[in-house]
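Shared chain: chain A. Partners: chain B in the first complex, chain C in the second.
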Partner chain A sequence: MILVLFGVSLLVFSIMMIIPPGRRAAIYVKQEKITPQQMEAMIKKYGLDDPAPVQYLRWMKSMLSGNFGYSVTASAPVLDGFKEYFPVTLELVLYATPLIILFGVWLGTIGAVNKDKPIDHATRVFAIIGYSLPTFWLGLILLMIFYGYLGIFPPGVLSNKGKDILFSPSFKRYTYILTIDSILNWRWDMFWDALYHLMLPTINLVLLSSALILRLMRSSMLESLGQDYIRTALAKGADKKTIHNIHARRNALIPVITISGVLFAGLMGGMVITETIFARTGIGLWMARAALQLDLPAIMFNVLFLGTVFVVVNLIVDIVYAYIDPRIRLT
Partner chain B sequence: MALHTAEDTIKERNVAIHPRLQEFTFSAKRFLKNPLTIIGLVIILSFAMIALFAPLIAPPQNADPYRIPHTGWKMAPSPPSAEHPLGTLEQQYDIFYGIIWGTRLAFKIGVVVVAVNLIIGIILGSVAGYFGGITDEIIMRITDMFYAIPFLVMAMALVVALGRGLKAVIITLIILGWPTYTRVIRGEILVLRDRDFVLAARASGASHLRIIFKHILPNSIYSVLIIASMNVGTIVLTAAALSFLGLGSETGYADWGQMVSMSRNWIVGPADNRLAFWYVVIIPGLVIALFVLGWNLLGDAARDVFDPKMRRR
Partner chain C sequence: MQRLIETRELYTDFFTFEGVVKALNGVSIVVNQGETYGLVGESGCGKSVSVRSMMRIVQAPGKIVGGKILLFLSKEDREKGIDILKRSEAYMESIRGNDISMIFQEASTSLNPVLSIGYQVGESFLLHRLDEMLSETIDTLKGEIESGVNIFSRLWKSFQIGMFRNELESYLKYKRRVEEIDRRLYELEDSEDSESVSERNHLNRVRDRLSKKSGLVEFVEHFPVLRRYRKKLNKTVRKHIIMLLEELGVPNPHNIVDRYPHELSGGMQQRIVIAIALACHPTLLIADEPTSNLDVTIQAQIVDLIKLLKKTTISSVLFITHDLGLVAEICDRVTVMYAGDACETTSVTELFEKPLHPYTKGLLRAVPKIDSEGELETIPGTVPNLINPPTGCRFHPRCPHAMEICSKEKPPTVEYSAGHSVACFLYSEKKDM
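Coming up: the complex of A and B.
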């Protein structure tokens, strides 16, 4: 795993090295105008034209010592920006992920149990449409219908009233996750406000990401329904519901776990777009803005961070997989 | 006169058609049986027609045909009319023109990126799978690296590093796309490498190159081609997403993602008609969705047909 992380850092570093030293020096420029000589001096001073391995070691050293630079888009050091934005993203992930999995598993099971019946075709069509719809388009349509036409579910994280509560002196921020903090402060009005704003982005992510789970669940459920032990259970007279829900689904769920890594990656990509559309100030929106303003420290930190999380998620998936599937544990 | 027995038929068939051709006709027949495939095929063929005849359908008015003509600078979009069959975007960019030439651009991006990816993937995958050892190790560890970062996130970073714009988007997608094919081809080749027919070819003195191209690749190419057809849609979708984020082509370019991005200010209409600008939001996105859907349907059907586990003879 260390090796993979090393690879990730190498990749991020190589992306950074594509940028010519002159433009990388811009990170350090404080004054508005700068002469070519000054630029030359800056490049020399920060060693931006040193051999790549030297620069890599220097970069790694500053990363490991927690010095991630200054983010222009956040108008704060990268780490402070991260502390501000990350909880917003985490909150959406925490609400969306269980719903995506439940929804996908539910529809996948329905499809498999009713194989080749109209409802199965309906779920397949849903899955393939979910695969094809652009995240940004669905988001805009949801906004147009719900916010534009019906006047509900506005974009943003909180209404003005909610923000007043958030920034009032008596409000204590424990986790920086709004729905949790509002409960801890016993401000249910703010809790509902935050939840109200979470609704559309969550729907957007669930509609698009559950297709992946749905397809896998359907095929793995079909496979486990064809196993001998299912026939045995049927022969013994167990009712269909028990067989489907207990005997078949449990085993069918195993492959779904392995896909969670892929789901995570898709979710992170979807997050950049979803947060941009629904104006949620998380790391997705931060990255989108940073990309527009060439805010390199912010981009590189987030790529490195998400890459690290991704690697860890995949490791956990492997461990969990081995734990729940005795066939793998015992070999 | 001798009776025509079933064995004769089999014999005739085996003589009449090359087995690979026979396989192909069998697959094609199955392929066309599925109604979803037909829909996918119709969608893609229609788009291909549009792309091919773009200069006739929407005659270019600028030196660069991909630049959408616009009449005036009025900010608010205009609804569909005789002059603008699908209405205009903000600053009066014609939506119809953008869709037509955007189709050509989408094909260009999708086909170029996937083709280059396939070539790189096939070469690296063959080398890794066929020769094994340290070469394999190095190539596969590099592909692992690419898998360790969420795709869109890395694409964003790379586009920014390459200086943004359409060219940067295409180069980015080329750089990031090949590992999938490399992995699949390598896996296929590992399975075939030690089969008898390959050993026979080697024993009769065929060169490595000949073995790979003549004996191994034809047997393993289907699986990558299926992935490739599904990826054309994904690639166009990713390019559109990058354009939507403002990292792709500049304003007024016939690029679907860019067009959707231009609709962002118009999702809420004036007070008397909240959905006044529906055409700006709906049309460009719908076209992207249809294009991607078409490729996905094709890829899906192809997988069902070619997957030996799914086909029942």
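Coming up: the complex of A and C.
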């Protein structure tokens, strides 16, 4: 695990090293014009032309001591920017992922159980649509229909009224996740406001991403429904509900869990397009901007963070595996 | 002898992409009360499909397309039997595992890898013996309360008793209703006028929709914390499982209950499969090649176990095998099958002494004997493709006695002598003359 993170850090670092020292220094230049001598002095001062290993060690040292540098795009230290942007993404992911998984597993089970019946074809059509529609297209259409014509579910994170509450002095930010904070502050009006703004991006994500889970669930459910132990359960006199819910589904869930983990970690990496369309100032939006403006500290921190998320999610997936499949349990 | 289950002209087809596989071609067999009945034939001749059809568990793309399966279970319906093909799925669920149960070829794949042994065996009890389990649990809880406990656990236990009583009541109500419906259905069994047919369909649908559990229990079951009250019931079930496993000679049953299938040996897995089948003391046990894939010593143990169980608990056994030695050892009567046809049915002694059907003769010649020398005799040709089976008698292309009529008509089954019937024109001709 540590080894993976070390590899990630090396990779991130070496990509950044491709950029010449001058460019890297220029990010921090505040004035309009600067002489070559001043530039040289800056490069010397920050050791930007030192041998790569030396620079790497220096970077790692400051990373490990909690100094992640200053982000230009967030106009704040990286950690503060992260605190500002990340909860917005996390909130959406926390609402969307369970819905994606539940929806996908549910539809996949229905499809498998009613194989080749009209309802199965309907789920397949849904899956194909979800697979092939581009995020930006569906997002824009949703915005057009709901916000444009119906006037509900506006983009953004909060309405102005909600923002007034957020920035009022009596409001304490515990987790930086708006819905949770508003409950902790007992401001239900703000809670509904935040939820109202979450609705459309969640719908967008669920429609698109559950197609993957659906396909996987359907095929693995079909496979486990054809196994011998289903015959045993049938011969035992078990009813359909028991067979589907207990005997088949638990076996079918194993591959779904893997993909769910990957999906979760992927969504955490920021949904650049979704966040741009729905104007949610999340980590995806920040990363995109940082990449365009060569905001190196922000990019490096976020990539490392994503690496950590992937590693941790994989660990959780392994633990869930052992819970579901006794064959994986250590004895 | 009293019949137990009978199939009449049973046709089962498999609708595959290559075409319709006609797996059963009008199979008629009778299993009597108290006998061990053998079904012999090579792989793919429809042995397994026949018994699966008898339990109505032919999995997709298979379908029973014709014939009758008559069941003579209780005293009342001994006269005409129940045609289970006309009954609802819920009726079949109450029969499977309770009156007829089945053990399978490969124990390792027949057990669900993610469920514990205790759960898999216990499910049989919970499906068919729920009333007994519930009343027993209520009794133990009452005993515990009487033996004196503090006020909190007294409250908790009273709550449990209340819940179990509720469940028991709705289950008994369900059972009474089901009995009513089944009695009415039995009366309507043979009538063919449109009114009784529609009533029959209606009753079947009603029976399918009846719920065993009351709304309260179903509601509570969705909440993990509230569901904990069921632990007591599981304890009772566990006690029964351990008793059952002990009966079947499983060593260390207390430990085995919490194990998972992959942790057990092949022989032990087969015992667990047998335990699942025997949990409710069925009238008929169908054993679908229970000993293949096991090594010889374990095979002998399992065969001995089935023989012992035949003596003690179950009335009839339907034993499927391709091992003629095994047939000689345990069966009373045998049917030889070939490519979806039941060729010859006879007692086991006659089968070996006086085989009639050319296929049976060939089969017996192909068994290696101690005093035989040289190459083993075989039946020429191969098993036909059942998508395009041979016309007439399905054995005629390989038959040394094939006549002209064999390729044109399906031979009728004739009774050659008492208890010995054969489907071959060699003998029907003789009868006519």
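Keep this in mind: the second predicted complex is superposed on the first by the 320 of 331 C-alpha atoms of A that agree within 3 Å, B and C clash if a C-alpha of one lies under 4 Å from a C-alpha of the other, contacts with A are read in each partner's own complex, and residues count from 1 in each chain.
As a convention for this text, a residue touches a chain if its C-beta (ideal position, glycine included) is under 8 Å from a C-beta of that chain, and two chains touch if they have at least 3 such contacts.
Since the structure is predicted, the reported quantities are computational estimates derived from the model, not experimental observations.
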Fit or clash - chain C, chain B, common chain A:
fit
Going by the touch definition up top, name the partner, chain B or chain C, that contacts more of chain A.
B
Where does A:R231 make contact in the superposed view: on chain B (first), on chain C (second), on both, or on neither?
second
Is A:M287 touching anything from chain B or chain C once the two structures are fitted on A? First, second, both or neither.
first
Angle at the Cα centre of chain A spanned by the Cα centres of chain C and chain B: state it in steps of 10 degrees.
80
Touching A:I246, do we find chain B (first), chain C (second), both, or neither?
second
Have a look at where A:I141 lands relative to chain B and chain C in the superposition and call it first, second, both or neither.
first
Superposed, chain B and chain C have a smallest C-alpha gap in Å of 8
Within the complex, which stretch of chain B touches chain A?
36, 141, 144-146, 148-154, 156-162, 233, 237, 240-241, 244-247, 257, 260-261, 263-264, 267-269, 274-275, 278, 281-282, 285-286, 288-289, 292-293, 296-297, 300
Which positions of chain C touch chain A when the two form their complex?
52, 55, 57, 59-60, 89-90, 92-98, 101-102, 104, 106, 109-116, 120, 123-124, 127-128, 260, 262-263, 273, 276-277
Of chain A, residues touching chain B in the complex:
3-4, 7-8, 10-12, 15-16, 18-19, 128-129, 131-137, 140-141, 143-144, 147-149, 264-266, 268-269, 272-273, 276-277, 287-288, 291-292, 294, 296, 299-300, 302-303, 306-307, 310-311
In their complex, what parts of chain A are in touch with chain C?
115, 226-240, 242, 246-247, 250-251, 324-327, 331
